[in-house]
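Pasting the structures in now, so scroll down.
Each of the two complexes below includes chain A, the first together with chain B, the second together with chain C.
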Partner chain A sequence: MSTMTSSKNSPTSLVKKALIYLAVALILIATLTPLVWMVATSIKPEPDILVTPPRFLFTPTLDHYWFALAAPEAPLVRGLYNSLIISLATIALVVPISALAAYGFARYNLGGGHLQFYILTVKMFPPIAAIIPFFVIFQNLNLLDNVIALIILNTLFNLPFAIWLLYGFFKEIPADLEESAMIEGSTRFEVFREIVLPLVAPGLAVTAIFSILFTWNEFLFAFILTRSQAVTLTVAVSGFWTHRGILWGPLSAAATVCVIPMFIFALIIQRYIVRGLTFGAIK
Partner chain B sequence: MGKVALRGITKRFGEKIAVNKLDLEVADGEFVCLLGPSGAGKTTTFRIIAGVERPDEGEIQIDDVLVNQLPPKDRDIAMMFQSYALYPHKTVYENIAYPLKKRRLSDSDIKNRVNQVAETLGISPLLDRLPKQLSGGEKQRVAMGRAIVRQPKALLLDEPLTNLDAKLREHMRGEFKRLRRELKTTIILATPDQLEAISMGDRVAVMNFGNLLQFDSPDVLYNHPTNLFVAGFIGSPAMNLVECTLVDRNGRVLLNAGDFTYDVSRFKDQIKQQATSSELKLGIRPEHISMSRSRAHAECYEAEIYVVEPARPDMVVEIRIGKILLTALAPETFRANMGDKVWVSFDREKIHIFDKKTEKTIV
Partner chain C sequence: MVSPSLIIVFALTLYPLFYSIYLSTRSYDLTALWKDAFIGFENYSHALNEDAYLAEALLATFKFAAGSLLVQIPLGLGIALLLNREFRGRRLVRTIITLPLVAAPIAIGLVWKYMYDMKFGIIPYFFQVVFGSSPHWLADSTMALVSIIIYDSWQWTPFVALILVAGLQGLPQEPFESATIYGASAVQRFRYLTLPMIRPLLVIVALLRLIDLLKLWDPVWALTRGGPGIATQVVSWYLYRIGFLYLWVGYTASIALMFLYLIIILSVIALRRIARL
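Take a look at the complex of A and B:
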């Protein structure tokens, strides 16, 4: 990067600022447009949806939402319920397991790096290639159309990333701190709980967010392994892709319903990430 | 209570020997300094005493009790890390209180002790702050506080003054001596700074590459170093070491340094007994070299002044005899310019002779 020696209000720095804002604006537009369009579609009256050129002025209606909630081919309420259960159960498993595993790797170098690499390769594995074997396995276990199957699978596929992420966080903590605590009278576990965990709290928060995000949005396994009981929200939304055609209105409404919980969750959790990061440098 | 004994301690990290058959006995209440450059094995030794590192061989005894198998928390040792290791998410008060909490003291007891320690160290106004809000010197004192609040059997201080600026370091050296008198605990302090070790320790253990080279009082280390490393490490400016060969000439035994010879006939017997070859090193401290304008006696050498450093209180003068450079100290009143010729002589009582190969002291 070239050094800027110009003062704050000089023309070059103004241009630089303008360019940065422009770039940010473009990125925001690219990211938010589909979302905004989706929400807009969900409240547009039916005739206005597929009209060209697209209409931006319309009288909003909640018809699609009522339709979506009542529609039998897309059990939204059940989907919401299942998605919540699966997501919460998954982070309840992923966070503790990955924390302990990552700590083991970071402090004890278990498996000498090989075990870690092996776990990471699970993430590199294309899930779609495993779908048939998993189907057969769960069929034999009588777990088809059961949330447990999805909890297991989501935990499995989120662990590698979580472990890798937390490993980095644990490595950041100087071993001095833990040794000092042990000399002062703590057991390993007390050290882990009282000294290490508070310091990796932002890492844990990030792990929770990513895991929940991946799980909430997960479609493939949910689609193949569920029928009617364990349907997740993502699968339920896809129910609007009917033989009658794609019902854009209700589809958008359902999709909006799908997005909102994650949105709220991220808003709540991001405060903890920021708070954790302001503990600043260790020394 | 507070005697620490290490016997035959060896620790290897792969190929590298970090600590080599270390034997060290620290008496109760003694202030011992572990002196040595980086990589000498000081920190490793500390960690072994504290229990966070297991030795490959050897025994550690605290108060005559074998503690090899005892976990750190049961050894009643306190250690202050070079990095201070303050818990960043706890306040100063909580940091200092931590060891007491672990020992299940009552809240009021804890409060009293912490306040007492904070008073002694002058950090009472800082008790509610977080580590990241403290200056280097303040952090150091908090780390000290956490170590002493427990009144442990022995206190291990790993380079406590290294990260402080020079002025603060000087001040803290004095503070340490004062604290030491108040605390009466056994203290072992590691440092690479020989001035620190000499001025603070009752005895100093000089280490290099994992080996303990000499363990004596500062006086003995200065006047009677048992090997080349100790001789060259202790004392500032460092001792002059000149390579010479032993020659017999006309019944006199001389050390031939090339550009001058020095008569060592009076040490003839010792040299004959202990030298493994005729390759020796002559050692003389800068403060034991005298310079004058005229040739005072037969054992003077003509030298040329190479560099004059007008340091205070003594001037540091580098002189050249032929190709050999020596450092000498001169009083403030010494006036000379580069290139001047002076006559130098060595204090007869303060000569050291070392065997070049074994690096051991002969005289």
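Take a look at the complex of A and C:
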């Protein structure tokens, strides 16, 4: 064996180790540089932003945050408020509806899996292709620049994904558990409420967080369907690209405000990230 | 129990779908409403036969998707193999690479625009210092596409890596152990064991990425808005331009539908493979 596997401190294994850490360092630098640069720019005084070469040392300031919050061309406060409303309304619709549907699919094998299949293709629709009929429809319904339009679209686009994700969580609950409760005289609905729901609570939380994530980060629908009243946070961020050029400092501040809450969610659902991004296929 | 969601999904997709089909057969143009009339397949035949801009957009989309896959799949696989090893801080690295995945593309895309800025950006600065000169990232027609590919790879290579790590960790250990005993080198084990075993997953990841790459829109808005010229005018950007800037609604609907069918076909292939996993 000693000829095949080198001992722990031999020169080759040390080189190997060094190479691994070099690769890890490169990955971390590449991943973190844009994020660090965003936060750094958001607290960098204006004169230090517009200089060549870029300045790495400066006295931090919160000026851009104050400016961004008050800027009329990019209504950040309204955007934050609308994004919060739209996200909450979307999960309030998506989570209960998808839970019922996923439970039905998991227990009754409805449509032999084809229905579920059809539903998920909706998640794949290119938003720019979907928005064309919706734009005309919302215009006729007088719902342009209205958060209701965005709640409808985000619900539609998150439902399929939520159903698939929750389907996996329901499948993990042994059906015997429910059957024995039903033999003891509980109804289907009681079983669902008293036994299934508590067991699937983590799945519901993960589904809710993913729905918030997609809704919060959504830009195309919000950009096309809103003007001033219903602007979301992402639209507000894009507003710092003004006719007079891009206001890098306030833009970075707004981008930081937009991105940080999602980082916190990512840390919470870390274990489920892969599962969520593959619609529950890979655990 | 299933019906409320089905009603919502069906009503909200089928009605707009049929409405799109209806629009696509008309010469509906918001800047020339008096011309609105039924024209059958004329929009489609114009798009397929006479629209040079659409051909250019398809080419740009293809270049962008191919370039991104060529970067993201090998790089993601490399990172996955690395993360599949034991080393100190592995969990932390895994956590950190999830961050790009959850950042709003429009917000982080605009941050990248600042980093690419020829006057104030750190990327041209880095190239100046290390190589003595820097390409004109967003202003040059070839480099603009490359710039978007780099940005997209920054954001989505972790997706490829994380899925492949999950796949690698689910592989059985015995074949690798016996291969080592019989003297197979690390390269041989990768070539004849790892690669064939995770091939189904690689195909799925590539398909999921491809579907997303074809839909790309936010980063184009943030970085190039289709320019310089029409160098980065991918299909989704072209649709935005003719639909929402030129307001040729009927014509846009016809191209959007064909684009939608293409993506649905790809989605069905991807989902079939996921279901078989």
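Assume the second predicted complex is superposed on the first by the 224 of 283 C-alpha atoms of A that agree within 3 Å, B and C clash if a C-alpha of one lies under 4 Å from a C-alpha of the other, contacts with A are read in each partner's own complex, and residues count from 1 in each chain.
Keep this in mind: a contact is a pair of C-beta atoms (placed from the backbone, for glycine too) under 8 Å apart; a residue touches a chain by one contact, two chains touch by 3 or more.
Remember, predicted model here, so these are calculated numbers, not experimental data.
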I'd like to know which partner A:26 touches here: chain B for first, chain C for second, both or neither. neither
Go through the superposed model and pick first if A:36 touches only chain B, second if only chain C, both, or neither. neither
Once chain A of both complexes is superposed, is A:187 in touch with chain B (first), chain C (second), both, or neither? first
Partner with the higher number of touched chain A residues, chain C or chain B: C
Looking at A:270 after the superposition, I want to know if it touches chain B, chain C, both of them or none. Which is it: first, second, both, neither? second
Which residues would you name on chain A as touching chain B in one complex and chain C in the other? 279, 281-283
Could you please specify the touching residues of chain B with respect to chain A in the complex? 47, 50-52, 71-73, 75, 77-79, 81, 83-89, 98-99, 102-103, 131-132, 139, 146, 150
Chain C-facing residues of chain A, complex: 4-5, 17, 20-21, 23-24, 27-28, 30-35, 37-38, 41, 49-54, 97-98, 100-101, 103-105, 108, 110, 113, 115, 117, 119-122, 124-130, 132-137, 152, 155-156, 159-160, 163, 213, 216-217, 219-220, 223-224, 233-234, 237-238, 240-241, 246, 248, 251-252, 254-255, 258-259, 262-263, 265-267, 270, 273-274, 277-279, 281-283
Given the complex, residues on chain A that touch chain B span 174, 176-177, 179-187, 190, 195, 198-199, 279-283
Using the touch rule from the top, collect the residues of chain C that touch chain A in their complex. 1-2, 4-6, 8-9, 12-13, 15-17, 19-20, 23, 79, 82, 85, 87, 89, 93-108, 110-115, 119-122, 125, 128, 154, 158-159, 162-163, 166-167, 180, 183, 201, 204, 208, 211, 214-215, 217-218, 221-222, 236, 239-240, 243-244, 249, 252-253, 256-257, 259-260, 263-264, 266-268, 271, 274-275, 277
